Each structure stands twice: as C-alpha cells, then as structure tokens.
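Chain lettering (A, B, C, D, E and F) follows the sequence in which the chains are written, and residue indices restart at 1 in each chain.
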Amino acid sequence: MIHWNSFADFLAMGGYGFYVWGSFGATVLIMAIEPIMVARNRKTTITRLQRQMRAETRAENRNTAE
Amino acid sequence: MKDRFNLYRFASPATFYPLAGTLIPYFAAISVIFGLAGLYLGMLVAPTDFQQGEGYRIIFIHVPASWMSMFIYLVMAFWAAIGLAFNTRLSGMMAQALAPTGALMAFLSLWTGALWGKPMWGAWWVWDARLTSELILLFLYIGYMALTAAIDDARRADKAGGLLLLVGVVNVPIIYFSVKWWNTLHQGSSVNLTKSSMAETMLWGMLLMAMCFWMYSIAVALMRVRTIMLERERHTDWVKAELAGQVAGGKK
Amino acid sequence: MLEADNLECVRGERRLFAGLNFKLEGGELLYLQGRNGAGKTSLLRMLIGLLPPEAGEIRWRGMAIDKLADEFRADLCYLGHLNAIKEELTPLENLLAAARLADETLSEDDAIDALEQVGLAGREDLACKYLSQGQKRRVALARLVTEKRPLWILDEPFVALDVAAVDWLAGIISGHLQRGGLAVMTTHQLVNIPAGQVRELRIGG
Amino acid sequence: MLKIVSAVIGRDLKLAMRRQADIVSALFFFIIVVSLFPLGIGPEPDLLRKLAPGVLWVAALLATMLSLPRLFADDHRDGTLEQLALAPHPLGLVVTGKVIAHWLVSGLPLALIAPVLGIQFDLSADALLVLTGAILLGTPALSGIGAIGAALTLGLRGGGVLLSLLVLPLYIPVLIFGAGAVDATVTGLGGEGHLSLLAAITFASVGFAPWATAAALKIALE
Amino acid sequence: MLKIVSAVIGRDLKLAMRRQADIVSALFFFIIVVSLFPLGIGPEPDLLRKLAPGVLWVAALLATMLSLPRLFADDHRDGTLEQLALAPHPLGLVVTGKVIAHWLVSGLPLALIAPVLGIQFDLSADALLVLTGAILLGTPALSGIGAIGAALTLGLRGGGVLLSLLVLPLYIPVLIFGAGAVDATVTGLGGEGHLSLLAAITFASVGFAPWATAAALKIALE
Amino acid sequence: MLEADNLECVRGERRLFAGLNFKLEGGELLYLQGRNGAGKTSLLRMLIGLLPPEAGEIRWRGMAIDKLADEFRADLCYLGHLNAIKEELTPLENLLAAARLADETLSEDDAIDALEQVGLAGREDLACKYLSQGQKRRVALARLVTEKRPLWILDEPFVALDVAAVDWLAGIISGHLQRGGLAVMTTHQLVNIPAGQVRELRIGG
C-alpha cells in the first residue's frame, strides 16, 4: 500500500520537498516547543508561588509572635 | 439564587483542576495516536494529486490548522459569553489558556498556506479575502493576549478580553465564507461528507490530522489553564494545599 | 429605603469586607469610617452600582438596584473625590452642562444663584483651570444646591475646603436630611452635622 | 433620548472648540502622512493616481486612530465619566453622542480636506467626488469601532499602541470598501456597490458599537 | 562615560523584557500598517513592488513615532528622570543610552522583520538586502530625532499628536534617502549613495540629538 | 557649605518668596516649614539645581552650583515625593540599578544588607508592584543607607511610613549629621531628630 518507491523519493516529495517539509517542520517544531514552554512556565510559576507562600507564612508567624 | 450557586460550583476551579490533571495524558495520547495514523495515511499511503503533484500534502497540516484557528476562536468567544453572562471564574481562565494555542494555529495556517501558495500560485502571499481575514484572525488573537496582559486585575482582564472576543467573532464567518462571497484565488470547500471530491485516503488522513490537532489543543490548553488557576487562586486553601503537596511529594 | 444585604467586597486579591449589612431610612445619614485602604470608597461605588459586589445585594425602595437601573440613578446624586468639572469651561457652563447630562432642568438664574451660595460670585465667567483647588471643589458642590434627589452619596466631600465652607456644607447636608433625604458619607475630618439622625459604620477593623 | 444625545454632542463640541489643538492635529497628521508618500515613492503621476485611494484611506485610518485615546481619557481622569455613567439613561446613548461628536471633530474635517489632497495625486473630478463620499460615509464607522477599542484600553499603561493593535484589524473592511469605491470609479466600474456596503458597515457599527463601548466603559469604571 | 551609557542601556532593556508589550506592539503596528496598504491599493504585484520601499519606510516612521511618547514618560512619572538628571555626569550621556536602548527595542526588530514583509510585496533578494540595510542604518536617526520631540512634549496634554507634528517633518530626509536607496536598487542604479547619506544623517543625529534632548528634559523638569 | 543668597521664586504668575537667605554648615539640618503651596518643594528643587531661581544664587563650598555642575551633583542625594523606583524590577534590582546610574559602586551584599535594614528582608525578589505603598517608600529610602554623600535633600521623607520606620529614618538622619553631613528637609509631620543642630526656616508667611 505504501506509495513511495524509495526514501529519497519520499524526501523529494516530487520536487515539492522544500514546501512540504517546510510546513511539516514548522508544525512539528511548534507542537514540540509549545508544550515544553507551557510545562516550564508551570514549573516556574509553582516555585514562585511556593516561595511567596513561604514568605507569607513567615510574615504571619512573625506578626502573631509579636 | 440556588441555581446560580450550582453553576458556580460546577465551574469551580477547585473541582476542575484535578479533573484536568487526570484528563491531560489521555488527550495527549489520543492526539499522538491520531497524528501517527493521519501521517501514515497522508504521507505514506495517499496517492499523488493529479493537479498539484505531491505538493498537496501540505493540506494535512494546513486544513487542520486553519480549522482549529477558527474553532478555538469560537470556543473562546463561547467562554467569553458565558463569563460575561454568568460571571463564572473558570470561563475567563479557559479563554486565556486557549489564546496562545489559537494564535499558533492561525500562524501555522498562514505559514503552511504561504508555503503552499508559492508553488501553486507563484506567490508567497496574495491579498485575497480568505488570506486577509485569516491574518486579521491572528491579529485578533494577539490583540486579545496583549489586552489581557495589560490589565493587572484578572477579573477586569477577563471581562474586557471577553468583550473584545465577542466583537471580533464576526471575523470567523467572514473567513469561512470568504471563498463563497468573493471570487478568490483560494480554493473553495471540498470536504463534503455526502459527495466527496477527494480520494478516500486523503480525506481520512485529513480528518485524522484534524482530530490530532484538536486533541493537542485541548491537552495544551488544559495544561495552561491549570497554571493560570494556581496563579489566580493562590490565596485559596485548595491551592495552598496543592502547592504544599508538591513540595512534599517532589515533582509531579 | 436603602438596604445593604450581606455585602462582600474583594479588590485585587484581598477580601476587604464580607457580611456587611445596613438599612437606612429617610432623614438618616450613614457615616462610614475606617483607615486608609479599608474599603470605604469601594463600598460607596458598590452603592451607586458601578462596582458589582462579590456577593450580596443592595436594595433601594425594596428593589435590587441593578434591576432598577435608570430609576435608581434618577434618585441618586454622587460626589466622588474627582470633581467631574471641565477645566476649559467656566463654573456656570460646568453646572449647566452637568444638569443637562443628568437630565435635569436648570435655569441659568438658578445656576448663578447656586454658584453665589458656594462663594463663587464674580467668577462665573472664569475658566475653571484658573480656580484654586478649593474653589474647584466648590463648583462640584454647587450641584448639591440645585439638585433635589433623595439619595446623596458623598466620598470625602470636605477635602480641600476651608473652615467656612465646611460649615456651610454641613448645613446643606442637614437641610437635605430634614427634608427627608438620605445620605451616605465618608470623611477623615471630624465634622458636626447639626440635624438629622447620624449612624456610624466602621469597616475593616 | 435625542435630548441626551444632543446634550453630549453640544458639550463635546464646545470643549473641542475651547481646545482647538484636537481638531487641528488630527487634520495635520492626515495631511502630513498623505504628503509623506509621494516623497517616499517618487513623483510619477500614473503611479500616484493608482495609489491615491489607498494612501488617503490609510492616512484617514491612522489619523482617526491617533485621536482615539483621548476620546474617553479626559472624562475618565476628571471624573466626568462616572457622572455620565450615573445619569438616568442608558450609557449607550451617551456614547452615541460622544461618537457623533468625535466624528464631527475628527472625521468630517478629513472628508472636507480629502478632495484637496486628492488633487495632489492627480485624481479626476469623478474620483474626487467618490473619494469624498466614501470618506464621509466610512469615517463614522471608524469612530464607532474605535470607541470600543478606546473604552477597552481606558486607563491602561501603554494604551496607545495597544489601542492600535485592537482597532486597526477591525478597520480593515472599511479600508477595503472605501478604497475599493474610488478604485472602481477610476477604472470605470462604478463605485456604488462599494459605497452601499460601506454605508451598511457604518450603520451597523454606529448602531451597535456604542453599546459594546458602554459595556467596556462599565468594566473600566469598576 | 561608556560605563554610564551601558548602565542605562542595560536597565532599559531589562525593563523592556519585563514588559514585553513594548517590543511586541511597535513591531505589530509596523506589520499591520504595512499590511494595510495592499488592502487599500489592490493586489497587483507590479504596483506593490514599486510601493514597497515607500510603504515600509512610512510604516517604520509611524511605528517609531508611536513608541516615542513612552520614551521618557514612565521615568518622568515615577521620579526616575529626576534622579537621572541629578547623577554626576552629563544628562546627554544618559539620553544617549536611552536612545540606543529605544533603537534596540523598537528600531532593530523593524529591520529584522522588514525582509519578511518585503517578500509580501514581491521584492527581489537584492532589494530586500538594501531595504534591511537602509532600515538598519536609518532607524537610529529616527530614535535620536524622536527623542528631542518626546522630551519637548513631556507631560503635555495631548502630547501624542503634538509629538507627531513636531517629529514627522524632521523624519522626512530619512524617509527620502531610505526609500530612495531601495528604489535605486530596484531600478538598477545602486543604492550606495543614498545609504551613505543615510549613514551621515544617523551619525549626525545620534551624536547631536541627545544633547538637545537633555536640554529639553531639563526644561520639562523645572 | 551650602549657602542661599537672596533667592526669589516665581511659579506661574505668583511670586512665592523673595530675598531668601540661609547658610548651612556640616552637621546642620535645615527644616523647611510652610503651608501647602508655600513653595517648599520649589525651594528644594532650586537647591538641587533643577529649577533656576528667578533671582539670587545658591553656593556649595563657596561656588555657584550651576558652575560646579557634576561636582555638586556628586555630593548630593535627593529624595522627592516620587520614589524613583521601577515597578517591574525587584527591590534589589532597583537598588543596584540606582547605584549604577548614580555612578556608585554597590555590591550585591551591601544592597541586601540595606534592604534588610529598611525591613524588606525576604522581599528582595518580589517585583515592586506587589509591594505596599509604605514598602515602596522604604525601597527608595534604602538608598540613604548605602550612600555616603554629604548633602541630603529630602522632600517629605516620612510620608507613608509607619511609626517604627519614622523613628528609624530619624535615626539615620541623625547619624548623617553626626558624621558631618548636611540635610535640608520638609515635612508636615512632627518628627524629632535626636542629634545634630536643627535650624528652622518658614516660607510664605
């Protein structure tokens, strides 16, 4: 069922390789980078919020101690 | 009054957050499966197009990306309407979580369209109604993100952004029907479930890829909305518990 | 006539107050107190319907104010810390324009009378940008002389006024209460309102 | 209803007269931008004639856009906007008045000066007529749509650039039909179709935009 | 001397990174304005190719101009400008730093995106190269001259429009030589002459403008 | 060291003061007094060289300050009512950036020490926009801890500070005077500066 005769054919895309692979490449790149960015953003947000929370509890403890 | 309270609870971040967390892997997995199947059909099995040669294979990205760019905008407008009407907290967060993905889809539609246009029309870009309105869609996404980022107060940001989404929604039918209303270079609709003008494998490849894009968008948006929830609800008890749990249980 | 039912206010991320209740009848003045940032201005803006409360309801003559809409606003006169006057217009023009926009009829003579009462006689034709801070405030207060609406909401009305003007304004508010009007007011200054029933409400500890 | 709209228009026009800078500067911006193009592109009359509708329209868009940030900003800063929102009639009516006044101050002068600038580009009398008509018909839509953007960005840091980001994409249909009308006249196709579409856009946006704007203003006032 | 200039640049870039909106919006304004023209003028590639240099340059002018009001406004409002004026070195050096930072944030991105937009107008590779070079060479002059206008209108009501009235006429030489360079390349005459004139303007204005700006700032601070 | 000779100030169309003279030596504090609008801020801005006097001259170490220019400014530390801090930067970044722009060397450790002294320990990494009004003021005041310049010009430095911070700041100013520094200050609050010679100057009646 496979339509291509060789891997080189597949890469060449009948002369449209640049356009087809340009499209697929950009898509793969974006779909790989976006989740990574989201995950990284999530991690930094969590550490920041945790630090803020610790600072707040510390401040509260100080207030109640006084 | 009671009715409203129920709705409020249903859309409560505290219940939605863990639900989203469990759903994400499933959506991601489905997306990968559909993607692989779609690529197999589209890139390896589908025959050459008699008019466009192998160049037509861009369709397997171009059309799903274009569809998703419009669909995500509609979903955001839907959430905006809900948010403005019922003042639910979750809807604004959903809209904000979807926006970057929608913008990327619009960008991909433009990018792949441009790469397709060069060999087919001999130009990277023409000023035709569909292309222009898709470009406007990208601008609307960016405008929405810029507006919500510029407003410090989250709830005001949601309302103002929601209003913008609703005003901009007129653009979506213009994109969709532009090929009918104006006589343009861009090709008209060819997906028609009753009488398909496309080869069977092409059609299936495209539909599978569309599913892949759809599931991908859901997964990414859910990931993003979870972060937004933590940020916005950081003074509530459930977020504090969640954050404390993350320290004890290590990275999740 | 004016009722607050279990109001809650959240600004930014902080809950300023919750479960706030009061009931005000004709002839009564509600005197809001609280330190800076306690949420007094926020409460006033809820009462005039510009800030939707996080929870709870405000009723005027027994109806929710967001249902009443225009009817409620036709009974309301609000004076914020901003004077709402145009620097380019003269006091007289400002007063007339404000009345037209609030859908009231105000004759030029009445307007001139009002300006005279607030001590601006002879300055009716000077653009407001040449007035001093206190005189600008007086232009804004002139509205209280001409307006005959039952509910006054005043946010720090005594700011920038000298002693004589403070007394005059206190008298005006008393007269309003004696005619059966209601007023809600905040101020950091100690002012004695000679007539009418004064009730105090302290928010934010 | 008409009373309040006309009261708002009267007040805004009086303020504009007192300030003057407002009226003059939108107009001068328009003239300068239009005059910049022949400098950037060169003096060939044929080329210029083809450019004229597009350049004039883009300049009109930009001139309108630049005057937008102040549409509500002054009233917001001095507290008048609050009082307008508290007046006993729908805020949408007040906004309608302000939009009309904005058009009278910033749109109408553009339409009046456009034929003069069109002559610089060597347009025919016919084309000048259609150009004036199109700008006359289209600029109210610019004021209406722009009001939404002005209300959404009211009080935000860096609001000016944000405003242009929000509003320019929505201006595109006006631009296309407005410039199309003149183009069609120049090429002999007749601009009526474009003009009637322009009129439709203007009616829709002047009728609908004030209510969206009023909603945005209420959000800004919270 | 270099130390203080680089300190200012470092601080302004860090602030721009924190805000992001600043960088993005000038860029997007540029993209949108450039995209408006073909919509107004029609899609003929021949016509568009002739227009391209003029349109890109006018858009660059306008994008730079719109970002100018905020060049000193933030520092003015929060009191930093006073402190900068009180630092023990000439204010002109501080302004030089701010102008360079402004260019890095608003001029450089325009130069980088210009070739992409040039493709939309179907320009040849040669023309794209000269276009990028011209924008790269010319935009510092825009930042420098613009800084004078921004300082002169600092704190004035309706400053934005006034600023454009002051600054746009002074931008005209940059526009003429910048667009001329691309034009000359397209027509095969070679754009070197224009480019060197552009470089001269840039040198003169980046060297001289900060001192005029510093004087204007001192007046605004009185 | 700091001398004002026959200064005159005109703002808008009003003459605020004229013929104003004073002389300040090391270890002395000049405490400016006057009602709102008397011209205190205007005088301070003359002293730092931002507002040219209508008539008269200001001398530092015997030389006119506009002649000295950079040399004078290198001896000067000014704190206006604006805090001159960037909302987007953290307190630490703000302090370091201010020092670099003022051409001083400040190590990160010293900066952290200074922030701790003003009671901002633990908030070094939070962007200033999340700080309260008083905390923002403290960031601005942290400069006084790190800076070692002889002449301090302070415009209402106690605004927005709580009692503890007011005492702390008074102590800092005393220390500065004891080290032989000079200070010129205005404030509407009554504050006791424990050490150093305090001289008062009332402007505008």
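To be clear about the criterion, a residue touches a chain if its C-beta (ideal position, glycine included) is under 8 Å from a C-beta of that chain, and two chains touch if they have at least 3 such contacts.
All values derive from a computational prediction rather than experimental measurement.
Enquirer: Tell me, please, which chain's centre (mean of its C-alpha atoms) is farthest from the centre of subunit B?
Expert: F
Enquirer: Which is it for copies subunit D and subunit E: same residues on both faces, with over half shared, or different residues?
Expert: Counting which numbers both chains contribute, over half are shared, so the two copies meet through the same residues.
Enquirer: Looking across all chain pairs, point out the one with the most C-beta pairs in contact.
Expert: D-E
Enquirer: Tell me, please, which chain's centre (mean of its C-alpha atoms) is farthest from the centre of subunit E?
Expert: C
Enquirer: Just curious, how far off is subunit C from subunit B if you go by their C-alpha centres, in Å?
Expert: Each chain reduced to its C-alpha mean, subunit B and subunit C end up 48 Å apart.
Enquirer: Where the CA atoms of subunit D average out and where those of subunit E average out, how many Å apart are those spots?
Expert: Subunit D and subunit E have C-alpha centres separated by 26 Å.
Enquirer: So how far apart, in whole Å, are subunit A and subunit E when each is placed at the average of its C-alpha atoms?
Expert: The answer is 34 Å.
Enquirer: Where in subunit B do residues touch two or more other chains at once?
Expert: 132, 139, 142, 146, 150, 234
Enquirer: Going by the touch rule set out above, which residues of subunit A reach two or more other chains?
Expert: Residues 52 of subunit A touch two or more partner chains.
Enquirer: Of all the residues in subunit E, which ones touch at least 2 other chains?
Expert: Those would be 19, 21, 25, 28, 32, 39, 42.
Enquirer: Mind pulling up the subunit B residues that touch subunit E in the complex?
Expert: Those in contact with subunit E are residues 123-128, 132, 135, 139, 142, 146, 149-150.
Enquirer: Enumerate the contact residues on subunit D facing subunit B in the complex.
Expert: Touch residues, subunit D against subunit B: 148, 152-153, 156-159, 162, 165-166, 168-170, 172, 176, 212, 215-216, 219-220, 222.
Enquirer: Using the touch rule from the top, collect the residues of subunit D that touch subunit C in their complex.
Expert: 3-4, 7-8, 10-11, 14-15, 18-19, 77-80, 82-90, 94, 218, 221-222
Enquirer: For a test of understanding, state which residues of subunit D touch subunit E in their complex under the given definition.
Expert: Checking each residue of subunit D against subunit E gives 19, 21-22, 25-26, 28-29, 32-33, 36-37, 39-42, 47, 50-51, 53-55, 57-58, 61-62, 66-67, 69-70, 158, 160-162, 164-165, 168-169, 172, 175-176, 178-179, 183.
Enquirer: Could you pull out which subunit C residues touch subunit D in their complex?
Expert: It is residues 45, 48-52, 70-71, 73-74, 76, 78, 80-89, 93, 97-98, 100-103, 127 of subunit C that touch subunit D.
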